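Each in structure tokens, the structures are laid out below.
Look at the two complexes coming up: chain A is in both, with chain B in one and chain C in the other.
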Partner chain A sequence: MRYALIAILALLALLIIAPPLLGTGWQYALINALIAALFAAAFNLLVGQGGMLSFGHAAYFGVGAFTVIHLMQSVEYGDIPFPTVLLPLAGAAVSLLCGALAGFFATMRSGVYFALVTLALAELLHSLAPHWDEMFGGEAGLSSMRMPSLGFTFGSTLEVYYLTLSWVVICIGLLYAYTRTPFGRLTLALRDNEQRIRFMGFNAHGTKIVVFAISAMFSGVAGSLMAISNETANYSVFSTQVSALVVLHTFVGGSTIFFGPIVGACVLSLFTFVVSGVTHSWMLYQGIIFVLVMLFAPKGIGGVIQAHIEQRHALPWKRLAAPYALATLAGLMVACATVFVVQSLEIVLSREYAAAVARTGEYAPYTVFAREWQVFHPFTWLFPVLLLVPGLYLLRRAFARIQTLWDKDDDNDNGDIPAATQELMEGGR
Partner chain B sequence: MEFLIVSTLNGVIYGMLLFMVSAGLTLIFGMMGVLNFAHASFYMLGAYFAYTLSGLFNFWVGLIVAPLLVAIIGMFIERYMLRRVHAHGHAHELLLTFGLVFIFEELIKLFYGDFPVNYQRPDYLNFAIFNLFGTDYPFYRVFIGLVALLMFIVLFVLLTRTRVGMVVRAAERLPDTARALGHNVPMVFLGVFGAGAALAGLSGAVAGAFFPTNPNMALELGVIVFVVVVVGGLGSLAGSLIASLLIGVFSSFAVGLDWSLASLFGLIGLGDWANSLGGLVTMPLSSISATVPFLLMLIVLLVRPAGLMGSKN
Partner chain C sequence: MPRWITTAAAITALGAIAPAVQAEPLKIAIIESLSGPQTSTGRLIATAAEYVIDQANTNGGFNGEPIQVKEYDNAGDTSGAATKFREAAADGAHVIIQGASSAIGGQVTEDVRKHNIRNPDNPIIYINVGAEAMELRGKKCHFHAFHFTTTAPYRTVPLMQVMSEQGDLGKRVYSINQNYSWGRDMETAIVDNADRFDYQVVDKVLHEVNRIQDFSPFVARIKSENPDSVITGNWSNDLLLLMKAVGDANLDVTFGTIFMDQPGNVANAGDVAEGHYVAHSSNIELLDEAGPEAYKKATGHYPVFIEPTTLNGVGLFAEALKQVDFDGGDINVNEIALAMENTTFDNGLGGMHVRKADHQAVIPIVVSQVASGVKYPVDGTELGFKPIKTVAGEDAIYPAQDSCRMRRPK
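Entry: the complex of A and B
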């Protein structure tokens, strides 16, 4: 616990000190990562702690964004004085109301049907928004200017960054504090066994509405910060893409742990920032990462880290070192092969390349990994195979070894494999 | 009169297309309780495979082989992915298929580019079947409807009148009993998933030749397909047929009508007051026609979650 606190304080210090030294591009990327982190943490209150999988959380994010844009416009035209610093409060309030209303209906159902109600609500807004000009500004959306307040001009990205950082830190702090309250415990109990909650005399439906509304409220803050940073919002904030992204962030990070979604959101949005500048296929890589996490680490990155921290005294680190190193190497080989194939296809199948071939009549070499490759040279296509096949083989071996080492030292939970079978498997290798 | 007939016809045929896509999903959802988010991606894959095959061979080869290819992909996903995460619960299966949507969309963009491809029906299918109020009605629209109808009949007979259907229904209702009777339940699941994927692939192959074949086609249909399955009822084939037709006809009529809530108020003499409110109240139905299916789904989910034809579960 003490280490965790130190780590968080160190990270916070870094987030305060580092940005002035970075360019505007990175500052903007950090703003987006922070907003994504808050959104994922708010979403996880509903999904990870309340056990209610929503596919339409973009609705409350978007409501927050549009509330703030409207308010900013009023401030800009001098109708109402409202400090820019406190704008997210308005987004929070309206999202809380919308969340309570939507939550009332959505929480009448559970499981897949709950997910579908949230999806339908968000789609309803998304299909309505472009036609409702006064409210959502039609297809173009609405925009406004940040007004100076409390001595800040909010003209530079850096000032917006610090505003975002403060709000995100406060909100994540509040969300964490929430998990420590009795009501937070009740939320967890709701996920584990709703029937029992009802049996103990609590109002399950009411509790669910409150959890939904609070989650919507913090999503609204995230949306507000997005609106402040972009100074604009259009109907696409309601799109399935936005709802999808928060699901991706949360589950890659790991929904069972409080900090999992925050880690997932930061890692993936910075990944997007870096990779989308290099290749068009960044969405493909993100999809592959998500599916791999779902398949091999169902509790996400956070779950893997937590398992290691919990078992740190029981694990035979010395014997694990070799298979871990092997797994890393093999993983890199497979990743290299995949990236090589995707990048090659992206170049060779592009319109520009086809046009160049038609113009010059020859298949020019292309560059991947800072080296030139001939399209029809056998080595070009042998190269990924040479990486992929041994890579996959080594990965399998390394993971089998890691699995046995983990299972052996885990006395409480011996996995699904009986000891005798385990001996047999090890003998065979 | 003209509006009524043309809208009904277009609505029914669009509904039949929706049914074609969602029939597979209904089957999978009913059997395994998995809402397969990637189902509309199977539809898109079908269209793209058929496009490639029709270029290499001819239209009919595409129509027959594309669904088979999609079925193979579907079975691969069931066997090596869904079965793997099954132990972690339905939410995980849902999320996995959700991730696959991105992968399929991006792969299609990688191979075929980010723009529509020119997938065309052959010339001999490209004629007007009859003349309706001075406009030629394309035969291919009717063809889509006929394929869907044929599919419904085959599926219905297969499921309710044959031994295969009996085993499938048994594996769905009481998997343990079916297993005890010596049926290979995982194999049945694999088959159903493959068949569901093939149906989506077939509809893609048929519809892609009429509607644009582009990387967004999965996204456009993705949510509507859920609407059909939910409104129709859990695992009910007849229900999803009714729901598809309902949504098809509703949306086809909504496009042509400029009714609004204000005109409704106008009937009881409050028209001026309603018009002064503006916003949602004066919005014509035609501009919010995309909203209609979601509204329908929401109402069904809240009033009768088992769907129109679903049995209470």
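Entry: the complex of A and C
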């Protein structure tokens, strides 16, 4: 626990010190990563802890964004005085209300039906929004400007970054505190078995509405921060893409661990920022990462980290070092081969390349990994095979070895009843 | 003094030292949808814009340096565009080119406006080559935004005028459009011009955008009104499926469209498309052969759909660059913007310029008909766009909107 606290404080210090040294592009990317992290954490309250998979969380994110943009406009025109730093409170309030209302209907069902109701509610907003110009600003969206408040102009990206950071840290802190409360325990028990909760005398539907509303509220804060940082809101925030992205972040990060989705959101947002500047195939890479995580680490990146932390005293680290190094090397080989093939195809199959071939009549060499390659040279296509085949072989060997070393110490079985439920039962109810 | 001002001052100071060694190169950022569902449009815009800038660079570049172009992928959403705008601004971009989607256009133009208010010493110009929403030239207009594409009324008026002259408009006009700002702009334009071209709007329909798979109920409604022509601003699937449904119902009616020239439309619609009208900002049938051929040589295809608009818009910008000279010193973006207001550019169909009131380009509109026997058939069919008439920009353009209050730099 102490190590965790030190790690979090160190990360926080880094988040405070580093951004002034970075360009505005990076500062803005960090703002987006923080917003995505808060959104994923709020979403995970519902999915990971409450066990309710929502496919329409963009709705509450968007409601927060539009509430704040309207308020910002009123402030800009001088109708209402409202400090810029407190704007997310308004987004939180409206999203809480909408969340409670939507939650009342959605939580009447569970599982797939719940997911479908949330999807339908979000789609309702998404198809309504472009028809209601006064509220949602039509296709071009609504726009406003941040007004100075508390001595800050909020004109620079850096000031917005610190505003976002403060809100995100406070909200994630609150979300974490929530998991430690008795109600937070009840939320976990709800995920484990709803029927049992009911037999223990709790109001399951009421509990679910509250969980849904709180999750919506924090999503609204994330949406508000987005509106403050972009200074615009557009009906496209209601799109299924936004809902799907938070699901992706949460599951890549690992929904069973509190910090999993936060890690997933940060990693994937920054990955998108960096890779989309380099290649147009970034969506493919993002998809590959998602599939690999789901196949080989179903508990996500956070799950892998947590397993290591939990087993840190039991694992034979000295004997694991070699297979871990081998797995890293083999993983890099496979990754290089994949990137090489994708980038080669992206270049060779592009319209520009086809036009150049038509113009000059020859297949010009292209550059990947800072080296020139001939399209029809056998080595160009042998190269990825030479990396891929041994890479995959070594990867399998390394993982087999890691598996046996891990299995030796794996004897902690929790029994059938999940921890949270057990705790509640022991609580005397 | 807040820290960001000191930082900004330091950066400006560094920038001021640099030209002593080397002239400041002009930096252009293309913020387009280069991945995701709108890639096909975004790619065309980026290709056309880069083509014009490449040409300018072979003619000596600008300010004694080659013009630098960088592509930024906004991934087709406003949030991505906002991120990439910050990145481009941090990279020192002077000009931003964007076109696919009015939603992203709204984001970019607002980002540019706010950037220029906060950084009056290094403003950015926004060149819009595809976003057609009226609002961008109205409430959201500002001095540094230039709009080289047309809007709903801008294209509807010449379309109706030529169809009426050809006797294909008739007295009974049916309006069917997509239910969002663009479709509603179209509907307003169709209703507003009823007296001018002496027709009656027999019915007007707004439908969901790109969600309808079967247009036959709509066609039944059209049939029951027995119109002479149908005017629609639909694009993509909404246009294709509508025309197909009309063809299947054996309804003899002429379509007046805005987006028939989108690649793939004519191939998909087949013979149903023949005889229908399209109003666009250029038609390669009318151009001197050298231009399209050179373009094909560089890019592998003739300029289609949104590419002529991009070529013209960026072309005017490149022409304006010839009017300013910073002698290898600092680039003054406001001077370039003022030069753009005073530049006339020959796009092969006539002169085009930018209207000072709202920075909407005044471009001639070509009204064409889908027909066989043309010089440049499209989509691998025998059909192409036969130009019927070119309407001068001044006759086609809509009046500047009152909502546009432009503040000019002092």
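Operating definition for what follows: the second predicted complex is superposed on the first by the 411 of 429 C-alpha atoms of A that agree within 3 Å, B and C clash if a C-alpha of one lies under 4 Å from a C-alpha of the other, contacts with A are read in each partner's own complex, and residues count from 1 in each chain.
Heads up, the rule we're going with is that a residue touches a chain if its C-beta (ideal position, glycine included) is under 8 Å from a C-beta of that chain, and two chains touch if they have at least 3 such contacts.
No experiment lies behind these values; they were computed from the predicted model shown.
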| task | Sticking to the clash and touch definitions up top, decide whether chain B and chain C on chain A clash or fit. | result | clash
| query | Who does A:351 touch here: chain B (first), chain C (second), both, or neither? | reply | both
| said: With both complexes superposed on chain A, which partner does A:32 reach: first (chain B), second (chain C), both or neither? | reply: second
| task | Return first, second, both or neither, reflecting whether A:276 touches chain B, chain C, both chains, or no partner chain. | result | second
| task | Applying the touch criterion given at the start, work out whether A:295 contacts chain B, chain C, both or neither, answering first, second, both or neither. | result | first
| task | Scan A:316 for contacts with chain B and chain C and give back first, second, both or neither. | result | neither
| After superposition on the shared chain, which partner residues are touched by A:244: those of chain B (first), chain C (second), both, or neither? | first
| query | Touch check for A:117: first (chain B), second (chain C), both, or neither? | reply | first
| task | Considering only the touch criterion stated at the top, classify A:365 as touching first (chain B), second (chain C), both, or neither. | result | neither
| request: Please indicate which partner A:287 is in contact with in the superposed arrangement: first for chain B, second for chain C, both, or neither. | output: first
| query | Where on chain A do the contacts with chain B and the contacts with chain C coincide? | reply | 127, 131, 280-281, 283, 351
| In their shared complex, at which residues does chain C touch chain A? | 2-4, 7-8, 34-36, 39, 43, 47, 72-73, 75, 77-80, 82-83, 86-87, 89-91, 101-103, 105-107, 110-111, 114, 117-118, 131, 133, 135-136, 140, 179-182, 208-209, 297-301
| Partner chain A, residues of chain B touching it in the complex | 33, 35, 81, 84-85, 88, 90-92, 94-96, 98-103, 105-107, 109-111, 113, 219, 222-223, 226-227, 230, 278-280, 283, 287-288, 290-291, 294-295, 297-298, 301-302, 305
| request: Over in the complex, which chain A residues touch chain B? Could you list them? | output: 53, 105, 108-109, 111-113, 115-117, 119-121, 123-124, 127-128, 131-132, 134-135, 240, 244, 247-248, 251, 280-281, 283-284, 286-288, 290-291, 294-295, 298, 342, 345-346, 349-351
| message | With touch defined as at the start, can you tell me which chain A residues reach chain C in the complex? | response | 20, 23-25, 27-29, 32, 127, 130-131, 133, 137-141, 143, 145, 152-153, 155-159, 226, 229-232, 234-237, 239, 241, 272-273, 276-277, 280-283, 351-352, 354-355, 358-359
